[in-house]
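Got a structure for you, written out below as structure tokens; questions coming shortly.
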Amino acid sequence: MSLALEKRILLTIVTEAVVEQSLLADFARLGVRGYTVTDARGLGSHGLRDAAWDEAASIRIEIICDRNLADALLALLREHYYANYAMINFLHEVEISRPEKF
Amino acid sequence: MIDVVILFFLLGLLAGLARSELKLPPALYDSLSLVLLLAIGLKGGEGLARQPLLPLLPQLGVVILLGVAQTLIAYAALRRLGRFDRANAAAIAAHYGSVSVATFAVGVNWLNARGIAFEPQLPIFLAVMEVPAILVGIVLARGMATKTDWRRIAHESFLGKGVVLLLGGMAIGWIAGPEGLAPIRPLFFDLFKGILAIFLLEMGLIVARQTSELRRRGLFVIGFGLLMPGFSAVLGIACGMAMGLSVGGLTLLATLAASASYIAVPATMRLAVPEANPGLSLAAVLGVTFPFNILIGIPVYHWLAVLISGGSS
Amino acid sequence: MSLALEKRILLTIVTEAVVEQSLLADFARLGVRGYTVTDARGLGSHGLRDAAWDEAASIRIEIICDRNLADALLALLREHYYANYAMINFLHEVEISRPEKF
Amino acid sequence: MSLALEKRILLTIVTEAVVEQSLLADFARLGVRGYTVTDARGLGSHGLRDAAWDEAASIRIEIICDRNLADALLALLREHYYANYAMINFLHEVEISRPEKF
Amino acid sequence: MIDVVILFFLLGLLAGLARSELKLPPALYDSLSLVLLLAIGLKGGEGLARQPLLPLLPQLGVVILLGVAQTLIAYAALRRLGRFDRANAAAIAAHYGSVSVATFAVGVNWLNARGIAFEPQLPIFLAVMEVPAILVGIVLARGMATKTDWRRIAHESFLGKGVVLLLGGMAIGWIAGPEGLAPIRPLFFDLFKGILAIFLLEMGLIVARQTSELRRRGLFVIGFGLLMPGFSAVLGIACGMAMGLSVGGLTLLATLAASASYIAVPATMRLAVPEANPGLSLAAVLGVTFPFNILIGIPVYHWLAVLISGGSS
Amino acid sequence: MIDVVILFFLLGLLAGLARSELKLPPALYDSLSLVLLLAIGLKGGEGLARQPLLPLLPQLGVVILLGVAQTLIAYAALRRLGRFDRANAAAIAAHYGSVSVATFAVGVNWLNARGIAFEPQLPIFLAVMEVPAILVGIVLARGMATKTDWRRIAHESFLGKGVVLLLGGMAIGWIAGPEGLAPIRPLFFDLFKGILAIFLLEMGLIVARQTSELRRRGLFVIGFGLLMPGFSAVLGIACGMAMGLSVGGLTLLATLAASASYIAVPATMRLAVPEANPGLSLAAVLGVTFPFNILIGIPVYHWLAVLISGGSS
């Protein structure tokens, strides 16, 4: 039996490293109080981003939040980032302990 | 004879074009550029310590105007002749109105190797010319009435790595003077060319990555990437004459003007004018202008400087 | 309400860094047009891979695709990679926006 | 049809890099025989951890295991790590091939 | 005049306080500290090769006692005057009972720049003083009857990067001697100050990050961070007098005593005494004591050493 | 007396065996090996500039044959005496037919320290011998009729980091000549031994990681790892005599032949012959042969070279 596990959404975004600060600032304004970032490289419709130098570096951002906040974040991405940046995102449900943290 | 640091650039270029597995750790590239920026700054600051600073202020005004003028002219050319949309024209123009530290370093190396002196304030020009083109480019793309986040942009421009290390290095060089700098000379001065060589090896690899993009972009980008620096160099020499620079100073200011940014400007414009295609600017700057400047441009600018100033080479 | 979210499979593979190019080339042949790679280290049945030098480096590849492609990728891994390389993989459903990207 | 896919739990932990060895040793004692680690940075209730130097570095540990082991690992975290370390964890079900590996 | 390496520290500090984008690759920071540790060790080992080792043993005993005493005194002060809980008092005390390589390197640089000699065993003192405070701190926090994993802690302390590189470097320097070291001199000795300069640039950036934490911590932490090193320095000079050290050696032992660890101790205490708040110790050590020592402390300790020993500077 | 760079190797080895926390940033290791490869190439190219190149072609043919012969002999020994399966025998044989840059660098250092000259084409031999053994090993494992992706393998072998940097460095050294290289001498030549020292520190750590694997592998691997280099060295000296090399050249060619690859070959064989166990090859190459060569082998090969060639040491 898993004690006190609640459900949240894990939203993952893969995008250009150059937008990191701007994106996280926007997220903070929408109420994000926690996130995790890892450096990444990859291929997509904007071509190969192989992290060989700053312009070609990508990041992978993970945010655990409730469905409402996830929706708000997606709306922000759709409006301000989708058109002009290499970016994908996906989400799914996860079980968390310590719900007060998220 | 061809400088050894240029041979390293060609090695990187060939390796990249042949799709070699050769890669430099990003941390090495960052570390080398840090040392180069500090070294250029220290050297300049050391020289400035021997002269009064106040007379330089008008010169700074002139190079700021030079950067602004270049950006506006490049924008007009790209809009009218190249039929680029506003955002892309503005973004590319900002790259060409700004400057490239690597090109400057190769120019310094070229002059040093030939024993040609230049004024110690040139590194300040380098630092000062990095930013104005960015601001002009953003205004060109957005107009003044925009909700551009100017605070953020000012912060990123004026407190970016390049400006901080150059001006910081100059301040240290100025305060410490030749004697104070002596203990760190082995790292920052004796190793300068070796570090520049490895740095240019990586630049060759980066330039090689632009070729596929270039092929897609067609002739106008190539033509612009070749002609704009020549034009800017003449503008730079004119400004330098107005300031009374030596032939070495003229050559280096021409080189600065002819150079186009590929670090500070792309990062800032990506955020400020996101609808501009970054591949386009980088293909022109890195694929055409940077190699042109370091392989052919610098000696030509020197020849021009001698010619126009009527001085001896 | 989450606007226009569709389901896809997120397939994650953790394996030796040395196979990166070869694996991604094989994937491209099967129709993969996007992926994300992060550097990793870890422990498994092939021992400790602590990324202290090239031979001991691992990567973590993520691919969002439909179930059919995921099955094809798994078949490829099973046939050509399972036997000889340190490798694990796992998959689960995720919600994505912009289904035309995947 | 996905051949022979079984279900397991993927437990992900994001925490301070300084505990890596100690945490993994504790996990091994509970029966963990495989894990994957990536370097990370992030924000949480313990503030910004931007990996700019050792003290501020974070890691992201992934463990595929069965529900029982996951529960045991969570209990360990709760007892020995939650109170004093920057840490979050989340879990969800994944499909795996080669169940004998996990 | 102010040393050039200190100017680099101030540049980093200012850049950090201005929230500049300047960042050093972590791999560069690690590489620089590796070379510094080896260089300090090599230099010390080279010197030791010229004298018998046995007479040093009692000196090692003295510096171990010095580290233990500092830790106990700091603990008492933090508990009584600062009203800290046991864990935090013990953790902070362990930082101050241990030593900082960067501070030591700046001290060495300061003495070298002034041509003041010091004993070759000082780097051994540096290596030896790193560990005892950690053990004392853990006992203070936990008592002896604890289930602390002493094997793991001993392993991490005695086989940590700092101790291995320092003692390893000393062993190599001792075996190779001046002639054997000649071929690696250009890297480890000629570049030492340049490398120290870049290292201190990064230290400035790191110190700048502590200010927000400091502001929250209030006056006691600042006061402790300023007074404890002064007190330790005097203790260090006393010990050094007992060993018959030269003025240079006294200055450097005072510097060592005054310095507080920000690498080995935080990492070990984080595991051994997890309930202590690491931000608290680092704010004091990095935000107050480190800059105080390198900017003001070292010259003062030298002045004290001259004064107390009655020697000439 | 023992070379100082070897002391760094031993320090790394001891630290690794004691399971110290000491780790070098991977970016540092990559950067050091980049500089070493370039420096070896530059030095060789500089020397070649003084002599006609055409007479070297037959020599290249000889060293290619040497690499092929070593691979075949190793394969036969591993199959017959070691009873290894085809894939593992072929993979290990390829490692031993190829060469190790680190071993070569230690050999160069050993000769330089003793003022023993060697021919400038030795670095070309190093570059040329890297690849043939890989191709032979793959054919041994797979036969010719295989669907091996030869294009990919040729690409990875001939355009790998090692070959590109060595040959690129040689080309630059050849074009630039001694005068052209002068400005980059402080980085590539003066720091060579210091850089080699840190590189070998890391090699020591890597070698220490092989011991647990070695223990599992038993005596045959250890025996093979000790005897094969001795045998190859003699073969190398014979080839060198046929080419008329000096004693220094003989020693270095023997060292090359005796050395076994641990960078290019493992990576390529992992893909081309995946069913071979990479732990097995690395245990032999790194756990036995590399330390044997740099600690004992090189002086012995020199002694053999003197003996066989009848020259004076």
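A, B, C, D, E and F label the chains in the order they appear, each numbered from 1.
Just so it is clear, contacts are C-beta pairs under 8 Å (C-beta built on N, C-alpha and C of every residue); 3 or more make two chains touch, one makes a residue touch a chain.
Worth saying up front: this structure is predicted, and the values here are computed from it rather than measured.
Looking at the partners of subunit A and subunit D together, the chains they share are C.
Chain centres were defined as the mean of their Cα atoms; on that basis the chain farthest from subunit F turns out to be A. More C-beta pairs in contact connect the chains of B-E than those of the other pair, out of B-E and D-E. Averaging C-alpha coordinates per chain and comparing to subunit E, the farthest chain turns out to be C. Subunit A and subunit E have Cα centroids separated by 41 Å. Among the residues of subunit E, those touching two or more other chains are numbered 23, 25-27, 186, 191. Subunit C has residues 38-39, 92 in contact with two or more other chains.
Per the contact rule defined earlier, chains pair up in contact as A-B, A-C, A-D, B-E, B-F, C-D, C-F, D-E, E-F.
On the subunit C side of its complex with subunit A, the touching residues are 1-3, 5, 8, 10, 24, 33-39, 64, 92-98, 101-102.
Partner subunit A is touched in their complex by these residues of subunit B: 23, 26, 29, 152, 205-206, 209, 263, 266-267, 270-271, 274-275, 278-279, 282.
Against subunit B, in their complex, subunit A makes its touches with residues 16, 18-19, 22, 47, 51-55, 83-85. In the complex of the two chains, the subunit C residues touching subunit D come out as 14, 38-45, 58, 60, 67, 70-71, 74-75, 77-78, 82, 88-92. Interface residues of subunit E facing subunit F in the complex, by the touch rule stated above, are 25-27, 30-31, 34-35, 38, 155-156, 159-161, 164-165, 168, 171-172, 175-176, 180-181, 183-188, 191.
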